[in-house]
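To keep things simple, chains are lettered A, B, C and D as they appear, and every chain counts its residues starting from 1.
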Amino acid sequence: MPEQALLEQVVDKVRPLLGQGKVADYIPALASVDPNKIGIAVTTIDGTTIGAGDYLEPFSIQSISKVFSLTMALTLYEENEIWSRVGKEPSGQSFNSLVQVELERGLPRNPFINAGALVISDLIQSRLGAPKHRMLESIRHLSGNQKLISDKVVANSEYEHSARNAAIAYLMKSFGNFNNDVDTVLRSYFHSCAIRMSCADLSKAMLYLANRGKNLTGKQLISPVQTRQMNALLATSGLYDGAGEFAYRVGMPGKSGVGGGIIAVIPGDMSVCVWSPELDLNGNSLAGTAALEEFCQRLGRSIF
Amino acid sequence: MPEQALLEQVVDKVRPLLGQGKVADYIPALASVDPNKIGIAVTTIDGTTIGAGDYLEPFSIQSISKVFSLTMALTLYEENEIWSRVGKEPSGQSFNSLVQVELERGLPRNPFINAGALVISDLIQSRLGAPKHRMLESIRHLSGNQKLISDKVVANSEYEHSARNAAIAYLMKSFGNFNNDVDTVLRSYFHSCAIRMSCADLSKAMLYLANRGKNLTGKQLISPVQTRQMNALLATSGLYDGAGEFAYRVGMPGKSGVGGGIIAVIPGDMSVCVWSPELDLNGNSLAGTAALEEFCQRLGRSIF
Amino acid sequence: MPEQALLEQVVDKVRPLLGQGKVADYIPALASVDPNKIGIAVTTIDGTTIGAGDYLEPFSIQSISKVFSLTMALTLYEENEIWSRVGKEPSGQSFNSLVQVELERGLPRNPFINAGALVISDLIQSRLGAPKHRMLESIRHLSGNQKLISDKVVANSEYEHSARNAAIAYLMKSFGNFNNDVDTVLRSYFHSCAIRMSCADLSKAMLYLANRGKNLTGKQLISPVQTRQMNALLATSGLYDGAGEFAYRVGMPGKSGVGGGIIAVIPGDMSVCVWSPELDLNGNSLAGTAALEEFCQRLGRSIF
Amino acid sequence: MPEQALLEQVVDKVRPLLGQGKVADYIPALASVDPNKIGIAVTTIDGTTIGAGDYLEPFSIQSISKVFSLTMALTLYEENEIWSRVGKEPSGQSFNSLVQVELERGLPRNPFINAGALVISDLIQSRLGAPKHRMLESIRHLSGNQKLISDKVVANSEYEHSARNAAIAYLMKSFGNFNNDVDTVLRSYFHSCAIRMSCADLSKAMLYLANRGKNLTGKQLISPVQTRQMNALLATSGLYDGAGEFAYRVGMPGKSGVGGGIIAVIPGDMSVCVWSPELDLNGNSLAGTAALEEFCQRLGRSIF
């Protein structure tokens, strides 16, 4: 199990990388974040959380929310109701591409690209009365932090720049793979993306992925088999168009967000979250990826 | 560690699936194989090999040879000499597609699709005097079976139906990513694909992937880091367009061939090989995949 | 110049083809049309109109409206304001594909595929206060028929099935090539598509394309150069994915609609309109195309 | 009919454009041509040829040879034997793209992109004993110039850089749409591309396209209907990815080559050839296109 000192060493080691990436700037609310942040937190299956650097500072979780959404969908639907509407394969395309969705007649490749996450949001919308509220409540519960909020400025800003996601949703609707009002679902989707959490919050919230489906309080959120399957999907599709490189360098199932966060797990042992806002060319945190690589190497652990 | 009885149970469990897939028939030499075969072999890191069903019967390893080729390239070249010519990402396209190669200007997505494997063969051709001989010797050594041969009828038949692979090679050549004579490299490539091995041969030969790079005789073939990286690439790209589904169902890094073989590993523990000639729609052994799924489930093991 | 008898012969010749195509059925309002209709009308540059078959019966002009829209845009904007937002090349893709629009970063190939026509509608929306009214007035004036109307049932039905077109518009918006509210523009677009005209109405209205830009009343609508350019675009891009085949068989610049109408011109001589609701696999009127082929052959005329 | 003075004016008008394009440099033999050349020749259906500028200087006809090849195929095969193996539609892709050929399972879009021209060469190879000799003889006959030769240096240079074309041919072979030895057909193909002709030679040789299929000596080469169809295909697909723009600006069926030549016809009146080695971004002669535009404008002629 990692110790505090190891986390400090990891942060020290990658801090020189700050300045080499580029903060997401497609919306003003994200562009204004301080680029010089770097944090890491680890939660082990005994429930202990340790951290280093800016690991207590909240940031916009963005696409990391796709993990929570898929998990919620797994609790609301039978498996085949989900997997008949979204695939399980890496996309081989940019995270927001419409080409694949058109060529494969409205079926997104996996739940972690935008198209797939929008289908998952559409599924949740069909089943829940107040999906925004329920998703936030669920994430608060998972992290044990009742004060988590969704950043209204970020959510609104995303919505105002949502033409690409609207195009994806309407394209799927034209193939019969989107049932609710596009606008309503986009609002819910951006609400989840705009939730602010710290590395500590996220490593706690993701513990169920390391603990055969049991969350921080010991409650079985999804089954052990579902947990293993979720980790498999994260390993093959969790890092946009950089899943192969991430597996090669880091060797943990993981999910990144354009806010600079990355969560990752070593099944049976621990969940990890790193955060550093500057991104590499694939849209993944540059220093964050390096921190996870360093962490695995020093710990001598990997799933491979 | 698995016992003989468990392997027998796995074989019995999946035998009813025989008849549901389709033997590869793009060349006559493969089409004539008996479809009712099913075998499994496991080699643990203590060097023990056990098996069940037709695990001693040799079959055409086909694309499983791509693992041996990449391994040989790793022993001949610096890392950057390889990864500047082939990527590490899932392709999101059919295993023999030219679209991606054209759009990405001659750079194949990974070493396990045809385009990438041809680049690896081109690299080997540039460095070795007698690549066919050397590859066969290497595989004989890895499996501890000096009698292994490449099936001339299969190799010639592949060559006579090689227009698609020739197109891929020439396309890469047009982008400057193929240096040797296309015909010569294709001959070497098919020679390796046509090597005949049993499940027992293959599980032994692949032990280094489970044993941090050490082969059956304890010799360090590639480094522990390279082994971990190889397993990462197999997990994200080893099963053609079905890598996500395979990870989801089986949860082991693996590589399949159209001869019906699949190799897979649990790092630190064991290498496995299954064989059953009938393929599913992705070109992976139908009963073989089911056998691996059953094996992992009964053993309660997975990397996820 | 053609005579009445020739038109009758053309209609008789192609009537046996009725029953071989398929009426557009993507919206109920179009699916219910009588499939056994066939009409042809010709307007010569002296202003005379003759016809045969069901040439006085109004039908839904659908994509033929794209000719009127581009013409109106040419009267509202400078050339470069239009051609910086839409190209002049054949698309090589289905009329409603998003692939090309994504790959070419929001710039549609030409004004006669859906994406290009939506950009033209967006341009018109930016310049006119009441675009629906103005377009209808303009078409009434061109055809000399003040009673023309847009079919509300068809327009509403199109709108209710507009997900694909909405996806295209939002995709262009995401690239900065769509300025107005998507919903508003779609409403205008469908209003024009749903205008009902007969072959006689349409051959009269299109006379300006045959008469160097002068309409039926002798007024210069667009310049001779613009007219020649419009005909060039119709010849290369007017028939969806069947422009080459249409040029090969018919040899006239033309534009088709899924309502079964096709307009075509022999520059300097005449405008023609045929109508028959059953479509071929490219979405062009099956008997209508044959009628134009027969007409050109009997007349011994073609632009080639 | 144009007079000598008009041709001189056209040349004078476009000469200032020299220096704005880029000579084809993918093979050394083409890169060394003098860029400051500009010529134009016109042959009217009475058999008269006039010219201006460098209209008597021979250049490499390159893709203009595709017109001669298709014409020869039309004399050797039934229509359906040709059009079952190559389409009639604009490609919407770069002239040497493999994407379309793969997606449409080996069927090239039209006979004027490389893939289509290779299929035509394959057809000719199947029927003729000495296709290189026969093609040269035919072109000598058409132009009335027995001294025409194919430039061996250019042909060999093309062959040495033929990986892309080899890839296309092998891809079509993999779909069963290429019957002869790839190398042999490539040799014939490049032999025709490397034929050297002057503007005068080419305008004479192409007269049959303007004269309902009758060549300079009055012999019927192809039928009037075939001639009209050939012109239709040239209008929609003759200028690579710039067919729409060429129709818009020039308004004549035409075919360009990377040697800087463009042939064009006004059916019933005349054939024209321009030459200037510098190309625009679409690979068509920059000053040559401008010369044709100027020519049509001054003459007040166009097919539209």
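To be clear about the criterion, contacts are C-beta pairs under 8 Å (C-beta built on N, C-alpha and C of every residue); 3 or more make two chains touch, one makes a residue touch a chain.
Computed from a predicted model, the values in this text were never measured in an experiment.
Enquirer: Could you run down the chains that neighbour chain B and chain C together?
Expert: Where chain B and chain C share a partner, that partner set is A, D.
Enquirer: With chain centres defined as mean CA positions, report which chain is farthest from chain D.
Expert: With centres defined by C-alpha atoms, farthest from chain D sits A.
Enquirer: With chain centres defined as C-alpha means, what is the inter-centre distance between chain A and chain B in Å?
Expert: 32
Enquirer: Counting in whole Å, what is the centre-to-centre distance of chain A and chain D, each centre being its mean C-alpha position?
Expert: 55
Enquirer: Report the inter-chain centroid distance for chain B and chain D in whole angstrom, where each centroid is the mean of the CA atoms.
Expert: 47
Enquirer: Among the residues of chain B, which are close enough to touch at least two other chains?
Expert: none
Enquirer: Could you please specify the touching residues of chain C with respect to chain D in the complex?
Expert: These residues of chain C touch chain D: 87-93, 100, 109-110, 228-229, 231-233, 235-237, 241-245, 247-248, 251, 253, 267, 302-304.
Enquirer: Residues of chain C touching chain A in their complex?
Expert: 97-99, 102-103, 163-164, 166-171, 173-174, 178, 182
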